[in-house]
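The structures come next, written out as structure tokens.
Note that chain A is present in both complexes that follow, paired respectively with chain B and with chain C.
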Partner chain A sequence: MNRTLPGPAAGLRRTLASWLAAPEADTRRAALPTIMVFLLPALLVYAGLTAYPVVRTFYNSFFEVADIASSDFVGWNNYVAVLRDDTFWAAVRNTAIWSVVGPVLDVVVGLLLALCLYAGVRFGRFLRVAWFTPVLLSYVVVGIMWVWIYNYDWGVVNVALRALGLEGLAQAWLGDPRFALGSLIVTHAWKWAGFNMVVCLAALHSLPSEVLEAAELDNCGWWHKLRHIIVPMLWPTLLNLYILAFIGKMKVFDLVWIMTEGGPVWSTETVSTYVYKRAFNWNTFDLGYPSAIAVVWFFVVVGFVILFNVLFRSRERMEF
Partner chain B sequence: MNLPSTAAGGRIRTLAALALTGLALLSAGPAGAAQQTITMWSHWPDEASKRNFIEDRVKEFEAATPECKVNLQFVQKADLYASVKTSVRTGQAPDIFWLEPDEIGFAKSGYLEPLDNYIDLDNLEDWAKRSWTWNGKVYAMPQEAYSVELYYNRDLLKKLGVELPANAQFTQAQFADLVRKSAAAGITPLAQGVADRPYPGAYFLEEVLLRKLGTDDYGKLLTGKLSFKDPRVIETMTWVRQMVDGGLYPKSMATLKLGESHYYFHTNPGALMFPIASWYTGRAFVPPEQGGQPRDFPLGLMNFPVMDGSKCPECKTLAVGGSYVMYSRGKKKDCAGKMLKSLATVENGNKWMEAVLLQTGVKTDPSRIQGIHAAYFKELQQRSAGAKFFIGTPLHYMSGKCGDTFAQVLNRAFPGGFLSVEQAAEQMDAACKAPS
Partner chain C sequence: MRSLPRSAAAGSFARSLSRLLRSGGLMAAVVLYTLYSALPFAWVGTMSVRTTSEISAAHFAWPETFHWDKFRTAWVDSNFAQYFWNSTVVVVSAVAIVTLLGAAAAHCLARYNFRGNRLVYFVLFSSIVFPPQIILISLFQVLVEYDLYNSRLGLTLVYVSLQLPLTVYLLEGFFARIPQDLFDAAKMDGYSDLEIFWRIVVPVGMPAIATTVILNFIQLWNEFLFAVVLLSDQDARTLPLGIRAYMGDYFQDIGMIATGMMIAVIPVVVIYAFFSEKLIQGMTAGAVK
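Then we have the complex of A and B:
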């Protein structure tokens, strides 16, 4: 007896059956319901904790949101106001400086430390642990520690300068708008140099020894070996580290908040600290304006990620 | 099957006991359900006298009101603000929480319950009520009040060979000379720390400005109706800037926190003067091992100096500080209201002053203050005798961009010597000046 239903119902049934049944040709593939059982918890968590907040932020940016229950549609007004906001542009400038300069410092210091260890410096094991330790510290600890280090009266930087007879160079490092951002960049580099060191060291150890040995046989000096062999061969790794650091610094918040709260006179304000201030620190309740800043910055960060991909995809294999 | 009689009897007794217990629980049920636990968040986790005062009042309230229990938590101000600003939006804020009057925006946004029907408003000072009034309703129980004072170290003043005038107020020239002598002797003239607060760096400037302009024009300045480029304002800022250049503040001011600035003043390295609100006592009048001032510290109070041609030498700032508010969407307003009502009594106002040695927005009888700090409180009262008060600090009037600019410019950069008078005035006007 032919049980197949005629017409469209039969087609629908066949389609559903093809979705729900595992294809016999490939036994590794599970049926859709089985896949969903495994995927659903993660998807729900992702949707609830990542996708929804992002979508909601986009939505909020078109409203003046004083309350979760009531908001007024303002169209593009928040975006227009953001583009006319001097403090926003100061924050953009500071974040841009940090994102461009900071990663160079991070990567160069990390590479130098890795080269020290690779060259077999004495107490190498101890130094590897010591240099990596800051990576394990939280930003809160690092921030408080460096506020003390930079203290004008008794901080180690100024004490050292005075001991060397350089009293004139002692500064209020975090209080002076000319030095505050640079001081934060140095602190951030100190924290992350160890991470870059470990990655560079792993890359150094994976370099083909025959190339380096051939260079030594050709009487290639240390500097030339570094410049013409090691750095070019490490280039993809260094580039990846730079881009990772760049993206991280576009979002920097913790260290700034602990050490300077964006001051003095917005000289260390970053986009993230400004968003937080507008959302939670000003005695206003509007969440729409900070959402607009967050959306603008989201597109800036995504834009840079795409740009880096386009620039380097053909030449280097990006792994971020 | 028959059970032995003893076993049967035991089982009957057990059943009877269970039945009785059940009955007891049932009868206790309605009373248990009637008891409500309210949540109360307060600042002052590290200010023992204020914390003890609140804890004691809560215990008394719970004893007197068995149907209400209070889950009291002390949270640092910054964390408290960050939490309540998020939770009020989602209906999850505590029933009672701590705020200062610069956060009147909570009331304007409808997050606070008016207290007119919950507490006896006659027990509150009129000026304190005004600080928390919006649309004719009072929105907070003004527990803490303060005046802005200029504390000093008597021994250091004597060491510099300077005598405090009889009215405890230096003239412009006398004060500038005092600052010069202090800096020359290697003593920081004014202790101050602004790392974790948006206002203390401006205390000195704003008090001198208040005296120079008088209450009306000073009020206009804070509300954007008077320009910071007004010649009197520029003259005052120029004088302060000259002293800043002469070493008025610690160089480490930007990284000193409020608590650390207290320690800087009274212990290490020690400063001659400390412009701070009268809640100085909250941190200073605790044992030295807990960060308080040394037991024999020669604390004195002087009036802020008065510039030549000042309109109101007797003016000074009086403000409401930490206050308790009720969340408008709280489910237990009855208990929350009773708790706030229990705080707002003259008797508790007196207890606050006795225990904390600080003013309050609740009516009080200062003559009752006794104990080892009675002399201090007497001097505090002397400094306010005959004063003409301006109610509120700048941040009670400034909000948004203007408040942020005040915090960055007048609180940090100007006293730090990083902005000229013209730059500071320009930035303040750009952010605060009301459209004409």
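Then we have the complex of A and C:
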């Protein structure tokens, strides 16, 4: 990515460089022991606490691990059971809804907020701080805060609805399967909109001015400028934000666990909470079955990452 | 940023938007969103200095008397001093270790030309997309086997591995932009490879290192999933676990829960107040295309 060395394709340049700058090629080389001094500690941590656990989870997924010390080989049984597990599919459905809808909320709100700051709304500095702060709060704090906000008797949502005379709209937001997932999605978007705002703002400030000048000459209205110039020019950033949020929401755990623990009746269960529940919060102890779910979901997430990369890369190539 | 001179066209786009802002409706939306974004936190702030009975009487009232002693109660009687200490020990040591290991690896990957360089970089970096469950369950087993379950040391090591990909990614990008001439000159002055790292890369790369330190600190300070799986002992709990446990035991004691939440949030707010630019840089790195 950021390598300053010429790649192998630049044959001529490399030959020239090696003629002209022989010492540089030398200083970029180092003896294996030197490289290992720098790299080995990180590689050991990676091997012991990332690579080995990943391999072991794959291994576990073919066993029934009812005890830390012993396990029974069950072949593909766990996987077959996962695919027949209605709760798993409910969790997939909830996670999918969240991953598709959530990022739209995040990115659209983030872009609108960034446009307000870009346009020089008054007290912009203060507003940026106020809008960004939720990003820094932990999920535990955000979750408890919003459990209170959604409280049936004295939560601010219902209190406001009653004050407006809309008594009938007051709900047990987290207690009703119809509203629980939506309520969580709103809370999650509340936390992340500020992040999308600062990224959009940075992108807005790096827009080249020529195109906006052209639009000025054509006397476009602000909506047309937004629709036909700003959004298309920010599109790579917006897409990137969408993908980041999409992948993030496929892993969502903390907020759900704090606010609803997946209930009521699985209506907010996500794949992550279900894996956790099956591993550490179930009436039977078995680490093999949740491992199988984790492996399935691992391939789904990695598959999406690869897919997005392929789509995104080919898009970029098309543009140039 | 806004004080920088901007081109006339960009300026006029901004002006046409700001005219729209002044024209009414949109300004109301900005105000509403700001209330929506900031009030929940301010509300918890007021509750943290009110007693639960006061809160039950009026949930949205301004505190009549500020009960600062609630912080002392939480700190001493509800074990929050212990939680705070645990969080501090685990997070500070994890951040120190991951910064050192990550910087060394990033320097090596950014500077030296060896077979497999990009492969190692890809391997280290790619785990950033893994769903945490793929390592969570077996990490639990591994830590139990090595007697690190339920210990701050175990959690610290896991935190190091969790933040390693991000640290290497951010630092490699910055270190690769340090001019090679600096290294050649240092070589000629007789610096060894380790001296180059310690006396050139670390000082020159300090802005990027500071960014990763702040970012890692906040992410780990707020971490919940691995802590909840890998710790069970009350005395080992970090702040997020402590708050949740308190919530579980004293569900009705809203005032005290709010005080605990503020204790957990204050360090983050202080860091944000001092280093907001660095923090935002770190979080947005790579997201702008």
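Throughout what follows, the second predicted complex is superposed on the first by the 290 of 320 C-alpha atoms of A that agree within 3 Å, B and C clash if a C-alpha of one lies under 4 Å from a C-alpha of the other, contacts with A are read in each partner's own complex, and residues count from 1 in each chain.
As a convention for this text, a residue touches a chain if its C-beta (ideal position, glycine included) is under 8 Å from a C-beta of that chain, and two chains touch if they have at least 3 such contacts.
It should be emphasised that the depicted structure is a prediction, and the values quoted were computed from it without experimental measurement.
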| item | value |
| --- | --- |
| First, second, both or neither for A:L113, with chain B first and chain C second | second |
| First, second, both or neither for A:M145, with chain B first and chain C second | second |
| Superposition-derived comparison: chain B or chain C, residues of chain A touched | C |
| Partner chain(s) touched by A:V135 [first = chain B, second = chain C, both, neither] | second |
| First, second, both or neither for A:K251, with chain B first and chain C second | second |
| Touched partner set for A:F280, first chain B, second chain C, both or neither | both |
| Touched partner set for A:T87, first chain B, second chain C, both or neither | first |
| Doubly contacted residues of chain A, that is, touched by chain B and again by chain C | 68, 280, 287 |
| Residue ranges of chain B in contact with chain A within the complex | 81-82, 85-86, 89-91, 102-103, 105, 109-110, 195-196, 250-255, 269, 399-401, 403-404, 407-409, 412-413, 416, 418-419, 427 |
| Contacting residues of chain A [partner chain C, same complex] | 1-5, 23-25, 27-30, 32, 34-35, 37-39, 41-43, 45-46, 48-50, 52-54, 56-57, 60, 65, 68, 113, 115-116, 118-121, 124, 127, 129-141, 144-146, 148-149, 154, 156, 159, 190, 193-195, 198-199, 202-203, 205-207, 209-210, 212-213, 215-216, 221-222, 225, 236-237, 239-241, 244, 247, 250-251, 253-254, 257-258, 271-272, 275-276, 279-280, 287, 290-291, 293-295, 297-298, 301-302, 305 |
| Contact footprint of chain A on chain C as seen in their complex | 1-2, 6-10, 12-18, 20-21, 26-27, 30, 33-34, 36-38, 40-41, 43-44, 59-60, 100-102, 104-105, 107-114, 120, 123-124, 127, 129-142, 144-145, 157-158, 160-161, 164, 168, 172-173, 176-177, 180, 183-184, 187, 193-194, 197, 218, 221-222, 224-225, 228-229, 240, 243-244, 247, 254, 257, 261, 264-265, 268-269, 272, 276, 279-280, 283-284, 287-289 |
| Complex interface listing, chain A residues touching chain B | 66-68, 87, 147, 150-153, 172, 174-177, 260-266, 277, 280-285, 287 |
